[in-house]
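Look at the two complexes coming up: chain A is in both, with chain B in one and chain C in the other.
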Partner chain A sequence: MIGALFLYPLGYSLAAAFTEPGSGLTLMHFRKAYELYSTDILFTLFIVITSTLLTGLFAIIIAGILTLGETPWLVGALRQLYRWPLFIPFIVAAQCMRTFLAKNGLMNNSLVALGVMEPLQATSFLDWRGIIITFVWKQVPFVTLMLAGAMASIDRATIEAGRNLGASRLRVLIEIVLPQVSQTLLVGLVLSFVTMLSVLSVPMMVAGSQPTMLTVDMAFRINSYGDYATANALGVISYLIAGTVAWIYLRHNVKREVQA
Partner chain B sequence: MNSSPSAAIDIHDLHVSYGRQRVLHGVDLSVAPGEFIAILGSSGCGKTTLLRTVAGFQKAAGGAIRLFGRDVVNMPPEKRGMAMMFQSYALWPHMTVMGNVGYGLRLRGVPKDEIRTRVAKILKMLNLSGLEDRKVTNLSGGQRQRVALGRALAIEPEILLLDEPLSNLDAKVRVQLRSELKSLQNQLGFTAIHVTHDREEAMTMADRIVVMDAGRIAQMGSPKEVFDRPNSPFVASFMGAENTIDLDVNPASKGIEVKADGAAATAWDGRAPPGRVTAYFRDDVASLVDPNARIDGSIVLPGTITQRTYPGGHYRYVVAIADRHFTVTDDDYHELDRPVGLRLPLASLHLFPTDPTKGGNHA
Partner chain C sequence: MSVKLRLSSAGAVPEPRTLASANRSLSVPREPAPSAARVRFWALGSTLLKVFGLAVFAFLLFGPLANLALWSFAERWYAPFKLPVSYGTRYWEVVFRPTGDAMSSLVTSVSIACLTVLVALAVSVPAGYALARLKLPWRTALMILFLLPQAFPSVAIYINVARVFYSIGLTGTITGVVLVHAAHGLVYSVWIAAAAFAAVDRDLELAARNIGASPLRTFFTVTLPLAAPGIMASAIFVFLESLDEFTGTFFVGVPQVTTLPLLLYNSSMGGNYQIASITALILLVPSILFMIIIERFLKAEVLSKVGQ
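So, the complex of A and B:
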């Protein structure tokens, strides 16, 4: 099954990316992909890396509050709310963000109504910022879920020992809790990175214009030109990016195992 | 102890609840500087809750906790400036021995070089020299608990809280660490509260013992006082006097007369509540005598030997008296089924009026 449904198409795509009918092995598809889409490759990297870092930051904050919070209503509310985006598909999230982040969208209207902003200052967030906001909004719950679970399972006394010696809750989070769950955080972020790299709907719906992400470019090459070769070349580039992240993760894992 | 501002820890009318369930019902305790207090009780009596409330990990529902006169009852744990040792050691697995022991100093902004020298000094004191850069996950249980002690002592605390820190160690290491801890306390002079369910540990380490029962202090005093003069059946049986026997106390011409069911009355010049009483006693106060012996100040219960074992040094017998069985040790060899008298010196019994609501008392 794996062979038929995954390995064969994968091998076929790889082969198509590196060959040209009639002239054998070639890198011309990559040259073309690079000439047309080098900006988009960088744009994709920028979006996905920024989103991953922000996702990590917010997940740490929320999981930290859930673990170390002492305000019962805040912890309770957060625990109820933070999982919701998990159950919303990317395309629905993108659709919601369109109405929320548009120039006359809910966010700007609310800010104007609150008097925080003049109507003339209102700008649309439906560009790279919109993609990042959607990605982070969608991925934070996933990473938080993993992270909060890991934090809940560390020995509570290690937290108390830190506070007992005089560490504030923030220091306890950074110096005592996070190092003990870093492995889980890394797994969550690697999975989020790869997921965001492969999402088509969000960049297509939220931003739409140039520059855009590789997934959109690939869809465009195929749908508009039937240009499978260039699309496959872009696909290989995506693989390489995802592969690099996986390699970082594996290397980190091996290092820990050697240490232990 | 009076509750003067000079007390290291002064707890006044402390109430603690978990949700609706009240766990501590008004605890009063005053600990003098340099004193070693053991809080003793069975599980669920509130002793750990009391310690955690003093440390600040559990919110008080009412009452005051003053450390050297400073009220800390609403202060977060990191501001209270005391050190604690945990049952699970609670070492930070991602840090080395150095990192663990030096963390409190790092929080206090002590320069790196000074941290190294101070940590080295403490590790030397605890016989851990040379392990500075070892991961704490690669240490034995005894070493881990020493590191935990070093971590607590590194900040030179005035108050050290001990939450059953020795209970996870094997017997030999436990006894060793017990005396190390005690001598460190003599040397450094910190005030200590030690929570434990181990009676011997409490007796050997503490200046004063606090026995807790169901969220209240049942008795407090020196180890000898609590051991020799328990003020309630609970404390008596907790301190090891787990055998019970019902007696009748009647006034006599000279002093009082004590009589057990099925035995002759004995005159006694001691003091006991009149009427029906329950005597609590430890195995080691009983001895074997002739079944017909009459000894002033002791009651002699006739019975028969039903079991004999030799644990070493002396024989241990099980003596059946009516439907009850008591364990007694004796140096001599006796045949089974032999009628004997079980002698109980009245001065060594703890006598309490029998609680009529409980009927026959078999604590």
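So, the complex of A and C:
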């Protein structure tokens, strides 16, 4: 089933990207894709990498507070709160952000009403910042859930030992807890990275203007021109990006297994 | 534990201190103790900081959702006004009219999701068991194979799936959409099912085998029930993935199959924020329901085995 629904189309896309009817193998489509969309390639990389790093940072902070926090009401409230966006579909998140981050959206209006900001300073966040905010908002609960689960199952004695020896909670988190859950964190971040790389709805709905992400360019190439060759060349570029990340993950995994 | 420790009664510190600060001073070299007023000041400050942090967090979390809810009840809302000009349920009636687009796409969405779960479970239960228990030579490679549809940017795949499906007449059919959703959901279902089977205590199976149960009977009466919460969780994941899937349906389902996400997209891009917001709220209901019950199914020991 995977073969029919995935490997075959994958081969199909590679074939379409590298060949030209009548003239055999060619890199022409890549040249065209590069000329038209090199900015968008960099833009996509920038967005996805920034979002992944921010997601990891927030997930570590939240999971750390959940595991090491000593204020019961804070931990309880956070535990109830953080999971909300977990199953909210990307497209719903995009629609939320489309209204929330707009120039007249609830965010700017609240800031103005609180007196933090002048009405004239209000700007629309519906560009690259909007995409990053939406991605982070959506992915943090997922990574946090995995991370908090892993942190809950590590040996509490190691944490207590560190605390007893006088290490601060931050130090315990970084030096004792994180190394034990790094595998889970990596899996979560790799999955998030690739998910963000392949989301079509968020860049399409949150940021309409140029530059945009590769997914939108591919859809545009197909729907407006029926240009499968260039779209597939862009597709191959996004495979390469995802492949690099998968390779980093695999290498880490192999190294761990060699150590074990 | 409410005893005020008076360790310092020897004279070093005149004020009774709280348990926390006394504890800390047990483990670190003694510092000159802060005065009670200062301790109280810092405690108050840190509580305020925590309340403030939590408030900001909650605002960022729920602000977008609140805006969605406002839009769904707003009959008129334009630029200079911070809140809707007039409220009403006119658009809810439009959406829930039995003949409306929304109801038919809701039915389409739910039936596609159910079919997808069936297909995915049929693959993931045997596959998950095999990956967790049997000694497969290519175990890692197989795990990666199921990850692939998730690990490759899906848009590029869907374009070509749509092209292939078009040539065999599957575009715009429910079957086509279900197949695409199932291939996409398999990574969750197989990985979680494998983790769930791996978390089942092996000795229980061996005990069942020991008292004479056949391998098949052991599987159905011992292993499967014990792994059921994990399998349920994976089914929920697949159901939600299918319900929320946009990209695949966008390429494969057009023009006949209109699921809720497609309806949302079309109305949002058409500037009809009310319909879009109401559709979004409908899509939120199962998401939030599952979010509340997910912890019951997805135990920490299963989660920590995902991806290993």
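Note that the second predicted complex is superposed on the first by the 260 of 260 C-alpha atoms of A that agree within 3 Å, B and C clash if a C-alpha of one lies under 4 Å from a C-alpha of the other, contacts with A are read in each partner's own complex, and residues count from 1 in each chain.
Everything that follows uses one rule, which is that a residue touches a chain if its C-beta (ideal position, glycine included) is under 8 Å from a C-beta of that chain, and two chains touch if they have at least 3 such contacts.
What you see is a predicted model, and the numbers here were worked out from it, not measured in a lab.
*Asks:* Per the overlay, which chain contacts more chain A residues, chain B or chain C?
*Replies:* C
*Asks:* Check the residue A:Leu165 against both partner chains and state whether it touches chain B (first), chain C (second), both, or neither.
*Replies:* Both chain B and chain C are touched by A:Leu165.
*Asks:* Examine A:Ser198 and indicate which partner it touches, taking first as chain B and second as chain C; both and neither are also allowed.
*Replies:* second
*Asks:* In the superposed arrangement, which partner chain does A:Thr39 touch: chain B (first), chain C (second), both, or neither?
*Replies:* The answer is neither, since A:Thr39 touches no partner chain.
*Asks:* Do any residues of chain A touch both chain B and chain C, and if so, which are they?
*Replies:* On chain A, the overlap between the chain B and chain C contacts is residues 164-166.
*Asks:* Would you tell me which residues of chain C are touching chain A in their complex?
*Replies:* By the definition above, chain C touches chain A via 20, 27-28, 47, 50, 54, 57-68, 70-71, 79-80, 82, 123, 140, 144-146, 148-161, 163-164, 179-180, 182-183, 186, 240, 243-244, 246-247, 250-251, 261, 264-265, 268-269, 273, 276-277, 280, 283-284, 286-288, 290-291, 294, 298, 300-301, 303-304, 306-308.
*Asks:* Per the contact definition, I'd like the list of chain A residues that touch chain B in the complex.
*Replies:* 155, 157-158, 160-168, 171, 175-176, 179-180, 259-260
*Asks:* Considering only the defined contacts, which chain B positions touch chain A in the complex?
*Replies:* These residues of chain B touch chain A: 55-57, 76-79, 81-84, 86-95, 103-104, 107-108, 135, 137, 148, 151-152, 155.
*Asks:* In their complex, what parts of chain A are in touch with chain C?
*Replies:* Answer in residue numbers: 1-2, 5-6, 8-10, 12-13, 16, 70-71, 74, 77-78, 81-93, 95-100, 104-107, 109-110, 112-113, 137, 145-146, 149-150, 152-153, 164-166, 183-184, 187, 190-191, 194-195, 197-201, 204-205, 214-215, 218-219, 222, 228, 231-232, 234-236, 238-239, 241-242, 246, 250, 253.
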